[in-house]
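Both complexes below contain chain A, partnered by chain B and then by chain C.
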Partner chain A sequence: MSIVCLQLGQCGNQIGHELFSVISDDSNGANRKKYKQCSDERFFYETSTGELVARSVLVDMEPKVISQAIAKASKSGRWRYGDKADFSQKQGSGNNWASGFCVHGPRHEEAVEDLVRMEIERCDRLAGIFTMMSVAGGTGSGVGTYITQRLRDLYPSSFILNQVTWPYEAGEVIVQNYNSVLTLSHLYQLSDAILVHENDTVHTICSRLMNIKHISISDVNKVIAHQLASVLQPAYTADSPCHYSTNPIGELLTSLVCHPEYKLLSLCNIPQMSSTSLAYSVFNWPGLLKHLRQMLIASARMEEGIDWTVSAPSAVTSAGESGTNSRQKSFNLSLANLLILRGKDVSTAVTDGFRDPALYVPWLKTENSFSTWTSPVAFNGYEKSATLVSNNQSLLKPLDNIVRKAWNMFASRAYVHQYTKFGICEEDFLDSFTALEQIISSYTHL
Partner chain B sequence: MTQSIVVQVGQCGNQVGCRFWDLALREHAHVNQMGIYDEALSSFFRNVDQRGADSTGGRINALKARAVLVDMEEGVLGEILQGPLRSLFSSTQLISDVSGSGNNWAVGHHTYGLAYREQIVDQVRKAAEHCDCLQCFFLIHSMGGGTGSGLGTFVLKLLEDEFPEVCRIVTSVYPTAEDDVITSPYNSILAMKELTEHADCVLPVDNQSLVDIVGKIQHMSNTGKPGGTIKKDCTIISGQGGVVKVEKPFDAMNNIVANLLLNITSSARFEGSLNMDLNEIAMNLVPFPRLHYLLPSLTPLYTLADVNVPPRRLDQMFSDAFSKEHQLIKADPKHNLYLACALMLRGNVQLSDLRRNIERLKPTLPFVPWNQEGWKTSLCSVPPVCHSHSLLALANNTCVKSTFIELRERFVKLYRRKAHLHHYLAVDGMELAGFSEALSSISALIEEYTHLESPLMPNAPRLTIAT
Partner chain C sequence: MSREKSVKVKEVISSLCKLLSALSVESIPTAEAFRRAKFNRKDAAVDMWSLLSGLLQRVFALDCACRDSKDQGFDVQLLFVRSALSHCGYGPPWVVGPWPPSHIEEVGSRDLLLAFGWVLSSGNLLDFLLAEKIHQLDTLSSEPLIAQGLTQLDVAAHGPGADTTVKKDQVLHALQWQYGKLRLQWKSLLSAQEEKSKYTHRVISNISPSAVCQPHITGSHHSNTTSTALDKELERIQALNGILEAYLDWKLHEPLFWCWMDSVIDSSLADAPEEEPVDWPPGERSVRVRCPHGDETRRTVRQLDKMLLRLKTELRARRIEQSTLTLPSQGRRQGASWLSESQRMEVERKVSGYLEGLRLTNTSAITSRGFLPCLQDPQPTKPPHRFHTGEPGLAMTAGKLQASTALNELREREAVLQWQLERLRQNMRVEMQRQASTMEGIVLIPPLKR
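Here is the complex of A and B:
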């Protein structure tokens, strides 16, 4: 089955390009014929001349980034973008969500829908639609939200998974918190799940783990692409233990999104390091999984600087008091986790640490809360690699920060006129705030 | 790529405009050595063939400025038509009259506005039709006289009516207290009302600050200490390398304003790792529609002959941008409240330099509580001619109100005695109510700035969800 990707706005197009690059590099490694076959079918189609073409639609309101992505892809020699798979305009949305959502989106919906329809019709079977966008700017967030809404109407029974990038807290767009609030509140109604990357976290990974001195946007995007590919590349799952699963998005959603009120997914990945130190490092599964488990419960996004003092409340107290004091403040409670293991000796990896009922909400059976995917193929140059996709409380803090800052600004009605100009009124803002406060409250009281 | 049209009105507007076109040509000639008509060039210039039709791509045939020049006297426009820049404009782009506005806002706004409305709209529309994607109008005018302030603000309103979707950025030259035009307070206050209501952004510049900066640079270049010598002609007041060879008295000052316009558009014209489109300026810097006066400051003012720039000097550039001496209008932003601030960098500056300096300067700059992270940044890889790097800071700061308060005082002094009023009221369309409305408009504006400075109530309580 195939996934149709949608790259929206500057950030989405940059990440999309990196994602296809990683996938293509990874699939072309040695000894992985079936793996490559499955991955190729999932992300590319073959032309009559044997070229691989990405199943992706590129949308932006200005031409620069898209043309760069297309040129770089052709240069790789391994794959390229479709001849008529991109849509761009001359003038951007100017950091204004309302301009993207109310003006550019409706104006160009037919053109974009046609592009997506063509890609979907090209698939034998559609596994789902995967979109990539940032929430801070105007095009990715505004047009992206509008297009997601249209696709939800057009393909009511298809899976839609949105990858969103959250901006640096001290960002480069002053109105980013407004744009984020408007995007997230709308997407939450439309999307099947929202996969979140925070620029701040990824930036720290680049500086601490990858040891990059002058971090560029491209370095950040590479890390995001690596993490995404580790989820989306072929793997054996509970539903198809002997063949590579054909339904990655569907199975991801079944394992992680058990309730429509909870659909924010976070990602962490281990190990992650510069290629020079990688050559001298040896990993074993128990070590990796021990770290990953602690990252989960202490809500750390990196293997460095984990707080090892945080522990899951023991089963006895949580059963006895099931109250506030048994639940440590810093303990990160999960709704569901999906562990993806790739590389040597995956069959020997013991994942019992993740089956502890204390990690999960009491109202779900642990066997429904935890799933594992495996693949014996080494991933993207790492002999062993473990990725955890999780539906838990770790995004509460950054989400709360976004809402708090946007709310402070909204209290003085600053910048609101820029949005009303395009038809987003104060009521719409209030609705969005209410929706997000509801999400924050739901996750807080898990 | 998007295009912009420059509309220059009045004597001052046209003089500044000409310096802009000269320096813009110099900058593009510097970057574009091959003489190819590229996208960067297309943002302000058309490439026309012998028959005057647009030709895209390829070599430069003849460049025409995307501009409309308006003056109600013949002097300055006549000079342009005979000067070295004449080939940039076709005669239809120039709109003039013979008698001038007599330093009377009402004559410029009402009499000439009515008379030339059709002609101006026609020319602007023609210029717009030559654009692929028109993004922005740059209006250049002065506040003190009659034509620039009166007709200039009339044109502003006209642009809003005819092209409501296109951004309007106005560069306004404010008079100084020792101005020789006695009616300049009237003209300025009447023009202010129009600017407040119809512009998207206003970049206020005042003559005294420009004079001071010119003086400072000349002082530096005359008393150069060894090791601190200024690289000749590498100052923001120099027009060296342009096509205009004869220097006129105000050229040094006007070059500063021309550089301001070049820098503000640099990120839209050239490549960079962090682009800033022109429509992002208003979006990020204007939290309330009327408070759109953005204080510009340019650094460095000159480049030293010593080529080894220590990083300390780069940091100095950032510090200077916030000092009183580098503002293009008399104001002290550091001791007043910032609503938002943009840093537009050109040349050899890294993202890390930018972040480091923001972190360094942030504690010394008071920001409004709801916009503690109110920074908008851009990095353009092409530096200005002669410099290795440069910074344009645009600050939305409450200190701009001091200029307005001063103007209002001078206005009230005249208005209380009804001095010169009859000259205005004799003009068709001008009524006494116009004066009181303009006065209450600027008072309201000052009040809005003051209100922001008053200690705010604690943060509004968040919405709570019933559980």
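Here is the complex of A and C:
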């Protein structure tokens, strides 16, 4: 049972490298033989000489980031990337989704497909394809979308989970909102679920919780990798309570994204702090879970600055009046949640707070909406750690912002010619806007 | 050689027959019947007829109420086939003519074969049938429909304000969720199954290499112990596999089949003149699909092929020339690739120029040839409906040329000539630049634009 990763573009390759580093560090901790065995099988394969090689394909249109990632990986001494698992070109996509999707993607599809096929054939069982990319740039978003489309055609019954990084709202690239709109609307058709990280929230986590003064891209990526690894590392699940699950992505999807209209997943994680203060901190499960629950219903991304006044609508009013008006404005309604607990005494943790039907849409029974995974192994240096993967309304606001900004630009047809010259017409833009509006409306009227 | 070819054709047709029967089209004839139909043998007519009507029944089964074609008389079948064919846009005389044939033999097996070819080639018929069939066998592989229509239906049934719609909406949502869950679980099981079969294969191939080659034997042993549900599942998967394999096989052979169909058309055209009935009313005659341009088209295609070949060899020669020129002198790799890029552009421009020229010469040839004979010898006017024989003549009134028309023609001709002149000039310029670029140390400065 293995996951094949796909690192697309600059962002995807950096996050991918961090992810494998975190996984390798975590698995090599003390007292975790079975855990390491399972994790190794999930993310690496062993060569005849006993080296661990990541089950990952690296794709970028520029060589720089990929060669950095490969060099850093082999320097770690614990693992490395495959010898022929990377694909790069000399010239980038120029932050243009259309250039990636219409030019680079089709031009290099065969080479990339071959690499992915090799990795997939190496697995005894493919648990799923996990892609990492940003939605703002050209290669990750454009080529990534194209590759996802091809993979969906080639492996129609495999799971495809896309991790996407949303750009800073202030903006790195002028056309980032166009790129985001085009990527998200396409991925929504293709992917089984889209796992979203927002640069802005991760950045605040770095500054407020980790106390980093000068935040670099690498710090941001480390936080993202930490959160991802806390989901993807081995755990006991409902389907396999005595062994580490052999179907992590399948079970993740089954518990969170069964409905084709609702595919956006957000992640939050507790605790997160700098390693210096970690040594002096003690956590208990009730405290952590109480915070995490409030983060969920108040749609906060970290444990600092949670709005404690938000509460779930009481059962009486929600039963009496059906619909949205009884709900508080800031209350964050969920479709489904997956809680992953790792560390000491997980069996004592009480998760009843998450089973409250008031947190969820009325048409789903709570046993369908909430599931828990556990692992007794301490994760990545944290004695206790809880992660919540959630299908809820919290991404509405940032998504709405992206669509609104892109629409404002599109209304004056700004930069559209940069896309039409590669074959994306205004119709395509309109279709994408419609698709995202549909998603927004679906989530609004949960 | 020809024997080998005929064997190949037989194979191709059998693969088509296999696919059709897998798609549950009824009464498939043998490959031999196809061959006989090509030569318009009378004995193949019945076979081809039942194939054609079977296929059409299958395609239009949803639309028409008439189900059991075998019980119906020939008249009803004929009516159905004729209307279905004309619905597909196929219009030979026996379909659209005023006097329908009263017996199968009157139609002629080759005509039936041609009609079959037409139906097959129009609008992805086989793909459609395949998708339908697979959907029947493989329900979970398709996404659930987010049934907009369904909710609207509910709204229509209960009135928009009714409370029941909200409830129903929720029930629908829950149902869709459950369906999605089922689908995801099915996918998980598939991957688990794959894993298991991989392991089994590994174990078996380790134990005895011979056992791997005989999966049927081991399978039948097991079937005694497994449940009937599994057997059914196995049957379903095997049926699915069979269909997909047949389709794949057909897709491999498809181009050959169309080549063969071309030969059928050719032989039909070759026989056509003597059997052409005289008493067709002129309106129908124009409907008959004849290709007097066939030869011309073929010639043009051949010409284009030759041109392509010539351009390719030219390009290769130039590339070699360039690489020998640039590599030893400068040794820049970038330079070489840049040059080949510019050459590519040049060739592309040339090709488009040729194509444009070809188009224009084709049209201009008509105009230039068009009015000359009129000035000398006004031909007896052709019947206007016979435009299908080609040569759309100039608009003539009683053999005289109108001044305004001639003027227009001349103007057009002038434009064409101007264009050709411009093209030649451009070619010369490009050629000069090319030659100049090969001479080292000489820089040519284009004249100032006035």
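Convention: the second predicted complex is superposed on the first by the 443 of 446 C-alpha atoms of A that agree within 3 Å, B and C clash if a C-alpha of one lies under 4 Å from a C-alpha of the other, contacts with A are read in each partner's own complex, and residues count from 1 in each chain.
Heads up, the rule we're going with is that contacts are C-beta pairs under 8 Å (C-beta built on N, C-alpha and C of every residue); 3 or more make two chains touch, one makes a residue touch a chain.
Everything numeric here is computed off the predicted structure, so don't read it as measured data.
Trainee: Contacts for A:Asn368 in the overlay, against chain B (first) and chain C (second): which applies, first, second, both or neither?
Mentor: second
Trainee: Should A:Asp219 be classified as contacting the first partner (chain B), the second (chain C), both, or neither?
Mentor: neither
Trainee: Once the structures are superposed on A, label A:Glu383 by its partner contacts, choosing first (chain B), second (chain C), both or neither.
Mentor: Neither chain B nor chain C is touched by A:Glu383.
Trainee: Who wins on chain A residues touched, chain B or chain C?
Mentor: The partner with more contacted residues on chain A is B.
Trainee: Could you tell me if A:Asp431 is touching chain B, chain C, both of them or neither one (first, second, both, neither)?
Mentor: In the superposition, A:Asp431 contacts neither chain B nor chain C.
Trainee: May I ask you to decide whether A:Glu113 touches chain B, chain C, both, or neither, giving the answer as first, second, both or neither?
Mentor: neither
Trainee: After lining up the shared chain so the two structures overlap, which partner does A:Asp25 touch, if you call chain B first and chain C second: first, second, both or neither?
Mentor: Once the two structures are laid over each other on A, A:Asp25 reaches no partner at all.
Trainee: Is A:Asp356 in contact with chain B, with chain C, with both, or with neither (first, second, both, neither)?
Mentor: It touches nothing on chain B or chain C.
Trainee: Under the stated touch criterion, which partner chain does A:Ser441 make contact with: chain B (first), chain C (second), both, or neither?
Mentor: After superposition on chain A, A:Ser441 lies in contact with chain B alone.
Trainee: Where on chain A does chain B make contact in their complex?
Mentor: 62, 64, 90-92, 94-96, 138, 169-175, 214-217, 403-405, 407-409, 411-415, 417-418, 433-434, 437-438, 440-441, 445
Trainee: In their complex, what parts of chain C are in touch with chain A?
Mentor: Against chain A, the touching part of chain C is residues 141, 143-144, 146, 166, 170-171, 173-174, 176-181, 183-185, 187-188, 190-192, 194-195, 198-199.
Trainee: Going by the contact rule set out above, which residues of chain A touch chain C in the complex?
Mentor: 1, 124-127, 156-159, 192, 246-247, 250-251, 253-254, 257-261, 322, 361-364, 368
Trainee: Using the touch definition from the top, list the residues of chain B that touch chain A in their complex.
Mentor: 1-2, 132-133, 135, 273-275, 277, 279-280, 282-289, 339-340, 350-352, 358, 369-371, 373-377, 456, 459-460, 462-465, 467
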